[in-house]
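Handing you this structure, nothing more for now.
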Amino acid sequence: MPSVLVAGASGYAGALAARLIDRHPRFELAAITSRGEAGKRHSDVYPHHRVNVVMEELDLERHGDVDAAIVAYPHGASAPVVAALLERGARVVDLSADFRLRDVATYERWYVKHPHPELIGQAVYGLTELYREEIARARLVAIPGCFPTAAILALAPLARADLIADVVIDAKTGVSGAGRGLREDTQFVAVDENVRPYGVGEHRHMAELDQELAPLVAAFTPHLLPLDQGELLSCYITPTRQVTQSELEACFEQAYAGERFIDLVARAPGVRDVRETNICAINAHADERTGKLFVFAAIDNLWKGTSSAAVANLNLMFGFDEGDGI
Amino acid sequence: MPSVLVAGASGYAGALAARLIDRHPRFELAAITSRGEAGKRHSDVYPHHRVNVVMEELDLERHGDVDAAIVAYPHGASAPVVAALLERGARVVDLSADFRLRDVATYERWYVKHPHPELIGQAVYGLTELYREEIARARLVAIPGCFPTAAILALAPLARADLIADVVIDAKTGVSGAGRGLREDTQFVAVDENVRPYGVGEHRHMAELDQELAPLVAAFTPHLLPLDQGELLSCYITPTRQVTQSELEACFEQAYAGERFIDLVARAPGVRDVRETNICAINAHADERTGKLFVFAAIDNLWKGTSSAAVANLNLMFGFDEGDGI
Amino acid sequence: MPSVLVAGASGYAGALAARLIDRHPRFELAAITSRGEAGKRHSDVYPHHRVNVVMEELDLERHGDVDAAIVAYPHGASAPVVAALLERGARVVDLSADFRLRDVATYERWYVKHPHPELIGQAVYGLTELYREEIARARLVAIPGCFPTAAILALAPLARADLIADVVIDAKTGVSGAGRGLREDTQFVAVDENVRPYGVGEHRHMAELDQELAPLVAAFTPHLLPLDQGELLSCYITPTRQVTQSELEACFEQAYAGERFIDLVARAPGVRDVRETNICAINAHADERTGKLFVFAAIDNLWKGTSSAAVANLNLMFGFDEGDGI
Amino acid sequence: MPSVLVAGASGYAGALAARLIDRHPRFELAAITSRGEAGKRHSDVYPHHRVNVVMEELDLERHGDVDAAIVAYPHGASAPVVAALLERGARVVDLSADFRLRDVATYERWYVKHPHPELIGQAVYGLTELYREEIARARLVAIPGCFPTAAILALAPLARADLIADVVIDAKTGVSGAGRGLREDTQFVAVDENVRPYGVGEHRHMAELDQELAPLVAAFTPHLLPLDQGELLSCYITPTRQVTQSELEACFEQAYAGERFIDLVARAPGVRDVRETNICAINAHADERTGKLFVFAAIDNLWKGTSSAAVANLNLMFGFDEGDGI
């Protein structure tokens, strides 16, 4: 069985990736590492994941000889680890933003100076529904941000058909999307009984949207909700021409025929419907009153939005069934 | 002190209205009635409101001789009670939809056959910021729906300035907005850890929006959130011409100069910021990237969205300070 | 592979049992039935369970020839179905209270007239940690109530060692334990931002506690919490003699040596630690200040408290590994 | 009107105290101070409190000449400020633990070295129902901890009647009780869908319980719940002799006759029943099955448990009606 390292297993995304690999029928969990909590058992930090393995300090001498790695480091910190693992021959799935953007300047405008711009060309954008063949051949996959995952899946069929003149994306997300760091705005009392827009006009995920939906420039605003896991995108589209409900549905059915992890549903989905699954549930509505098209897409930000997506990509990279272990 | 009847005090809105009148420095609570829970003490059903008064079966002989009434009945059931109370000389604030729409046909398309169309002409739309003078002279006020309240306050300044070419309203609401009736979709397990659009393309509040924002036809979609009280509207506007941030802010400042219950805030508001207040908090953002205008408006759906608004209207109708008792 | 019928798959417990059997590596899901929602697809009611099977009206002619059945009917309604299935040769795991109590009179005091008292003698109380051998030989297993499951696991080691003079059990449970029926006290607005004791002095699960912990009579009070799945029992024991922390820990370690689904943890567990697992996490504290022993036990009421427990029992009845499929 | 300084207005308790004084009909808010957020407007941090006042750095020269002060500092930091204010002639209500314990050694065992032990003798324990007359004459009042407030109100009537042989207190609290500091265990994701005991065997409030309930030594364990404000204490009492339900009720009715802020209720209260009130709701149950007495007490930890209690004490100290402004 191919061996897999999970680097950065103490954050929410890395912790879930470790669990999925630990239970995976075709991969072996080689080791898990953590920068801040090395020495702790994974199950002491995340008891319900039931991963009874000690998190170690990353040591490429000891951990680098693996068949594959999932890297769950913050942007900027991830690229050097990815580079070192690639150098040793491992195939790498990166959860950070470091290899999502194909344009270095764009990356550096939103994030930091890129530590390894020479690797960007190798990276495949790990949205399996759109780039399945490239992923299968890739040595480096960049998992999309959770918002772009749902947004692109919601909009790509219409964008390809040149049906989008203008689009507004209103995103709603649970708190786990903000990561595990201590912040005042993710304290229970700040979030409970509240809903608030954030990153208005300046959320980093917009750069990914621009790249993947070009030449469209989508208006995008995320909102923080009092729930743990789950993300709903409400997309309001001004079409380039009149579109009927049946035409709209046909467009999605054709685009996603045979896609096991896309659920085209008959009524607008809730995030509970996809909780702890690799599914993106999509509902499309041609609004007679306004002539607009509404597309609602729900995912679990930690699963389809990050960690089960990472495993699906890894499955493809090793020729396994895309759904193994998730 | 003028005496006030609260009819329909066992639902969330009527119960809060009863509390506000009970503690009001200038009104006297004459009686509270309930169709389903007559005989129960208000404080047995809503202990934290501390209204130690028994809810009675409505009896116009006994209850009709009041100076004013707040009627919190469902649509269709409200109009006959309103008519009878007006007949006896009471001034009436109605929380239902029965007198919000000036066009009978529109009302009947969305609701039921109108029981008292002859009274529609008398009714004033009870949005104090827009109709303060008419309210002061009114004998019948129809409190706007909670969504229209926030939407109109968010959009009216721009609409009046002819700045809106197109608008998408994404609304997020707590569960109390659905009322107290038993429904599967408001059970705890259905709402908790969830967010879901509802009434897609067919929410009744759209008729009010159309009436007040005409000739604009706004796209409007509400979403149910796992919280009790609170409503956030995210409005995405395509302007008729380019608008700068400072011009945008000036537009709102001018429109709401001197309005005590409008808070123009510097960052996008959360619903916690206005919890249990008569405030609508508004933040406007001119989005350079897309050229759109984003307006966020937060209210407490039971307070500014319904019951404290009712009291503010009643204050105006009796020549009191608009903020008395709220 | 043995075939399994899940009867009553539209409630929370039956729905989860259907999912677990549907994904089970050693059982085949023969059919799922529902009394109130026959004709609907399981995945329409519980999308995240991903069980793409239509729920049928129970028809013993068509559904009765199975190797085993999990029956998730309300008490009183369950026994006749269980009897019919046993008659046809199926092995049955019953989730209701109908076969938990060995004494008919006790059952009838708390519930209804027992429809099949003659079968009570056949039933094994399905707490695998205590009755593993009897379960392996059983044709009928009664899954314990969720509160008794956690309470007995928390107290049995001390009770067997005759260390309990007196015990108070304070139970905290999520809302899913109340089932899916529409009730005012499980509406979101009633539960949110609240905690309330219920069934004070009269909860039916006390009869099971009395049976299994006799001659102890435990004080027991459940509380409803604003969360979906999860149950925490805080047990306060006056011991028959002084017990040290190390003696206390030794008592639990000895009792549960080799038990894979009991986690003896070093600090008091939260219900999140065992969410969606078949684990009971237990922590014991000898309180020097009062001389009392505190035992905290956390389970997922729908998993270890009901449906994964049902599958564990079924595994044992068919000679499979107890943890298969859960 | 007497002027009141609120020192430490950026924490939850001080912020609420500032709001209550700001709206109080008989006190004038002289100034509000904050150690960490001086310069910010109160309404920027707590918009819904609507206190449009800038928080200042505490400067006794400028702020010390007030008639009274509410000090909401952490333990240890509070005593010096209290001492300085007393020195200048202000009457002081202290929300910290610094003057709750009459025994210096006990204080120092649980907290830190006491900065002003000479003042302990002057302090009155600010539980109005028990010490109303002493409070009226006091220059320094120490507001009880939120758990002791509810526990003592629940148990004092039985303790005075010598009816308690043994008592177990199981406390459940919302997250605001932990204060506003950033902590991993109060992050949304740690609290949501969870319930966990904490401070097992070592919570500081036990010292207050011992002092006020002596010679009783109560077993006491708090649990953290996914809600903001609210605290429920479930007290399980082994009585010194058999007590009937009617005798139990009579005991409480006699103890609390005429107490406006004690609600003796017919069924076990939820914390929602007392949300944002100065009320302690109490229900007592004589459990025939076990012979024990169950007493349930619900308060809002920030109101009756801290800040509205502070205002009630201040009212008494100035000869005002105890309920003014709360």
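So that you can tell them apart, the chains are marked A, B, C and D in the order they are listed, and the count of residues begins at 1 in each.
We take it that a contact is a pair of C-beta atoms (placed from the backbone, for glycine too) under 8 Å apart; a residue touches a chain by one contact, two chains touch by 3 or more.
Keep in mind that what you see is a predicted model, and the values were worked out from it rather than measured.
Note on connectivity: the fewest steps through touching chains from subunit B to subunit D is 1.
Counting C-beta pairs in contact across A-D and across C-D gives the higher total for C-D. Comparing mean CA positions across the assembly, the chain most remote from subunit D is A.
Put simply, the C-alpha centre of subunit A and that of subunit D have 46 angstrom between them. Centre-to-centre, using mean CA coordinates, subunit A is 36 Å away from subunit C.
A separation of 39 Å divides the Cα centre of subunit C from that of subunit D. Touching of two or more other chains is recorded for residues 190, 192-193, 226-228, 269, 272, 275 of subunit B.
Contacts from subunit D toward subunit A in the complex involve residues 12, 175-176, 180, 182-184, 186-193, 226-228.
By the touch criterion given at the top, residues 166, 168, 170, 172, 174, 190, 192-198, 200-201, 206, 217-219, 221, 223, 225-230, 232, 234, 236, 238, 267-272, 275, 285, 287-290, 292, 294, 296 of subunit B touch subunit A in their complex. Only residues 47-48, 50, 192-193, 263, 265, 269, 272-277, 279, 281 of subunit C touch subunit A when the two sit together in their complex.
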